[in-house]
Amino acid sequence: MTPTTNKEPMEMATAGSGPERDERLDRKPGVAERGTGHSITIRGLSAYYGDQHAVRGLDLDFRAGEVTAIIGPSGCGKSTMIRCLNRMHEEVPGARAEGRVLLDGLDLYAPEVDVTAVRRRIGMVFQKPNPFPTMSVFDNVAAGLRLTGTKGEDLRERVHRALRAVGLWNEVKHRLNRPGVGLSGGQQQRLCIARAIAVEPSVILMDEPCSALDPVATLKVEELIDELKDRYTIVIVTHNMQQAARVSNSTAYMLDGQLVEHAPTAEIFTNPRDHRTERYVTGKFG
Amino acid sequence: MAEATIPTVRAGRSTFERPRTARLPDRALKWGLSALAAMILVIIAYFFARLLGESSGAFKRYGLSFVLGNDWDSSRGIYHGAALLVGTLITSTIGLLIGVPVAVSSALFINELCPRRARGLLSALVDLLAAVPSVVYGLWGVFFLAPKLQPAERWLASTLSFVPWLGGGTPTLFNYFIAGLILAIMILPIVSAISREVMATVPAEHKEAALALGATRWEMIRMAVLPYSRAGISGGAMLGLGRALGETIAVVLVIGDAPVIGHHLFSQGYSLAAVIANEFGEAQGVHVSALFAAGVVLFVLTLTVNVVARWFVARGSHGTRGTGATGMTVAAPAGEA
Amino acid sequence: MSVTFTLSPVSSRRRRTDRAMWGVLLALTVLALIPLVLIVYYLLRKGLGAWSPSFFTTDPTGSFFGDPGGIRSAILGSLEIVALASIIAVPIGIGVALYLTEYGRGSWFAGSVRYFVDVMTGVPSIVFGLFVYIVLVTSHIGGNFAAWKGAVALALLMLPIVARSAEVALLLVPNGLREAALALGAPRWRMLLRVVLPTAAPGLLTGSLLAVARAMGETAPLLFTVTFALGATANLGQPMNTLPYMVFTDIQSPRAAIVQIAWGAGLTLVALVLILNLLARAIERRSHMA
């Protein structure tokens, strides 16, 4: 477990305390053992849209420094689930969530927790690239930083750093002041990723980040994910199983709001334990 | 293949051909409606032409000094209407300065901040302001607003006496400020409705992007809602301006009806629409022509503002055509009287 | 390297700004509604006192001294003139809207008609009065001032409102319905009459009612077209009394009893306009629930 020091009373989730934790996940020593990185632990998460029960009693662990893919048929609740991680789910009128989401042992749903602080630490990249249309490339990346009062040289440096990290720097360095929406789809998505990492979050959530992109742009984003995973814990929802196989360390399969199986990626596609997983990954269903 | 039992040719003509008489109603309808639509254009053109014609007398006599000269005196038969134009502009500007911020704030509050259940009630109440006839606004202004605000106006005028034009004079009962204030109230519903509608078109994804970065609600509004809605709100404000420029009855009752350019905020004045309402009944000869000329100036003013406003609103719709409620709300303004 | 992790709350300055802005926007919204409350309160306070059975059943006497009378002729006059204006404006407005949605899509002609109708909504109502004055009054067609001429001015005012809202209502009719009717072999006019118009009817009605409510409250177009009369009359070819006009002239009277009439008439006018507005909204809501 990642050692943490914390002022608030914390809820420690101990390894293996969740029901049926897949031991295959523990075989390879993770980055967590090196003592860096951030992990998320979900215990008993249920999410509702009014009366509709979209996520049911989910237990899941996202290990630090790894990319975890979430796959499943449409409507299985994967998007809802990750939106519970940065507490965006509750922005929908009539929506609510119960259960515990622990970031490095700290319950994000505790009553004293400020929701905007949660979102500062957990960044999100959306399915459709959504740079702010009235802002320039620079201002888009700087948007999150400006909220916390970063300015001047410090701001400029961080923006440039983020743009370099996503591999956009050479493409936009001469047009930093032009509108963000003037870029191609793939560039816009990388811009949104830059915007998310500029504030140096602990975790990055990606909700089908490539589904609106062409194959070339998709490839670039996947390479980027591979580079980023050394520094961030990444959770990626995808409906594309090949993509999950390419980018992730472990994959979780969800069905009807529940977790069916969570295993190292190589195993879940070649040797799934649950027959439901097998049906999905072999294309018999979904 | 089954035999065709319905002959496709009958009496020398294909059965798919409709007899000429059956096509008549369609044709008649089409041409009738087109004629109707054309009639609108004709009426508008005729409108403008007659207006210009009747006012040509005054324009010929005074030329540009009709709007630049300041001396409107029907007893001497002199008609230079700068005071009217200035009065129209001053009261409308006051109306805008007070009305637009309040209207946009109410739109922001209703759309983004207030609890969902209250949204319908609040927006219905704001819209209800538009249902009050302008003569009732005038009634209320004369007997309630003007007298009630006098002490405050006197205090303002004396404490702010160092501010040019704002203070320093003695407030009269009826003045620019009261007229401007009532105009602000009258344009509130239309600016608020348009702002609400424009803000509702902000795509959720931009708001989500802001929230996901850890923005507070107000920061999200500043980052995602306001910049996106800027053009549309400006258009709405200009439509409000058009409304204020043309408002007649409420203004004529509370502006003081003095054909002078008032020296300070709380002094009497006049407006183009008000002078027409007041003097038309007894006007003769050149006077009539002068009043028509005032009407032309007013018409051109409101027309220009409206055209520019619609351009803004169209630009601010970001591709979504302004049908839906914009059709309804946008149909509501115009100088009421 | 151990990771120190805290979920420090967002800076209190940002929290304070957020809360403050919430308060400011709420305050301004309340400010926007205060005039409404005050107007309703004052109208009721001053106007109810004037209301009485005789208030509604007698005509104004027009005399400065003595009994000022009631507002019967004003109510009747308003109803008559607005009814006539509606008879003119509503069919024409719906007709123009029909043209724009069913026949004119995309043509430059329809585009310019729509544009100018739009622009017409911004014309000050007094200008309509001036126009009718030039065209109908000075030319002495059918006498000088007459109720029907005022109705024409009001109709000009109502026309763009009806046309725009009718266009919206017609556009809301799903295209699939039109296509279904045409695919069954119905001629265009029948499709419009039997399918489109009935489906759009609630929206058309709502828009028309709102235009009627608007016309009821207008004063300026009547000033030099209808002018004024004391007695109730059904003769549309003569001057006639109307509620807005009556309020307008009575406000300026030095005699308190007459000002009282103005309040009572104003309350009546607002009540009528309010009823029309609520009716329009009720129809709109019912059509959404159906």
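Chains: A, B and C, in written order; residue numbering restarts at 1 for each.
Keep in mind that, in the parts below, a residue touches a chain if its C-beta (ideal position, glycine included) is under 8 Å from a C-beta of that chain, and two chains touch if they have at least 3 such contacts.
In this text the structure is predicted, and so the values were computed from the model without any measurement.
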Checklist entry - Which two chains does the highest number of contacting C-beta pairs join? => result B-C
Item to check | Centroid comparison with chain B (C-alpha atoms), farthest chain | outcome: A
Checklist entry - Taking each chain's centre as the mean of its CA atoms, how far is chain A from chain B in angstrom? => result 49
Checklist entry - Roughly how many whole angstrom separate the Cα centroids of chain A and chain C? => result 54
Checklist outcome for this item: Whole-Å distance, C-alpha centre of chain B to that of chain C, is 14
Item to check | Multi-partner residues of chain A (at least 2 other chains) | outcome: 116-118, 120, 147-148
Checklist entry - Do you know which chain C residues sit against two or more other chains? => result 10, 14-15
Next on the checklist: Residues touching two or more other chains, restricted to chain B: which are they?
Outcome noted: 214, 216, 219
Item to check | Residue ranges of chain C in contact with chain B within the complex | outcome: 10, 14-15, 17-18, 21-22, 24-26, 28-29, 31-33, 35-36, 38-39, 42-43, 46, 92, 95-96, 98-100, 102-104, 109-110, 112-113, 116-127, 130-131, 133-135, 156-157, 159-161, 164-165, 167-168, 171, 187-189, 192, 207, 210-211, 213-214, 216-221, 223-224, 227, 244, 247-248, 251-252, 259, 262-263, 266, 269-270, 273-274, 277, 281
Checklist entry - For chain B, which residues are in contact with chain A within the complex? => result 116, 203, 205-206, 208-216, 219, 223-224, 227-228, 230
Item to check | In the complex with chain B, residue positions of chain A that touch it | outcome: 86, 88, 91, 93, 116-120, 123-124, 126, 128, 130-135, 143-144, 147-148, 192, 195-196, 199
Next on the checklist: Per the contact definition, I'd like the list of chain A residues that touch chain C in the complex.
Outcome noted: 2-8, 35-38, 103-106, 108, 113-114, 116-118, 120-121, 147-149, 202
Item to check | chain C - residues contacting chain A, complex | outcome: 1-11, 14-15
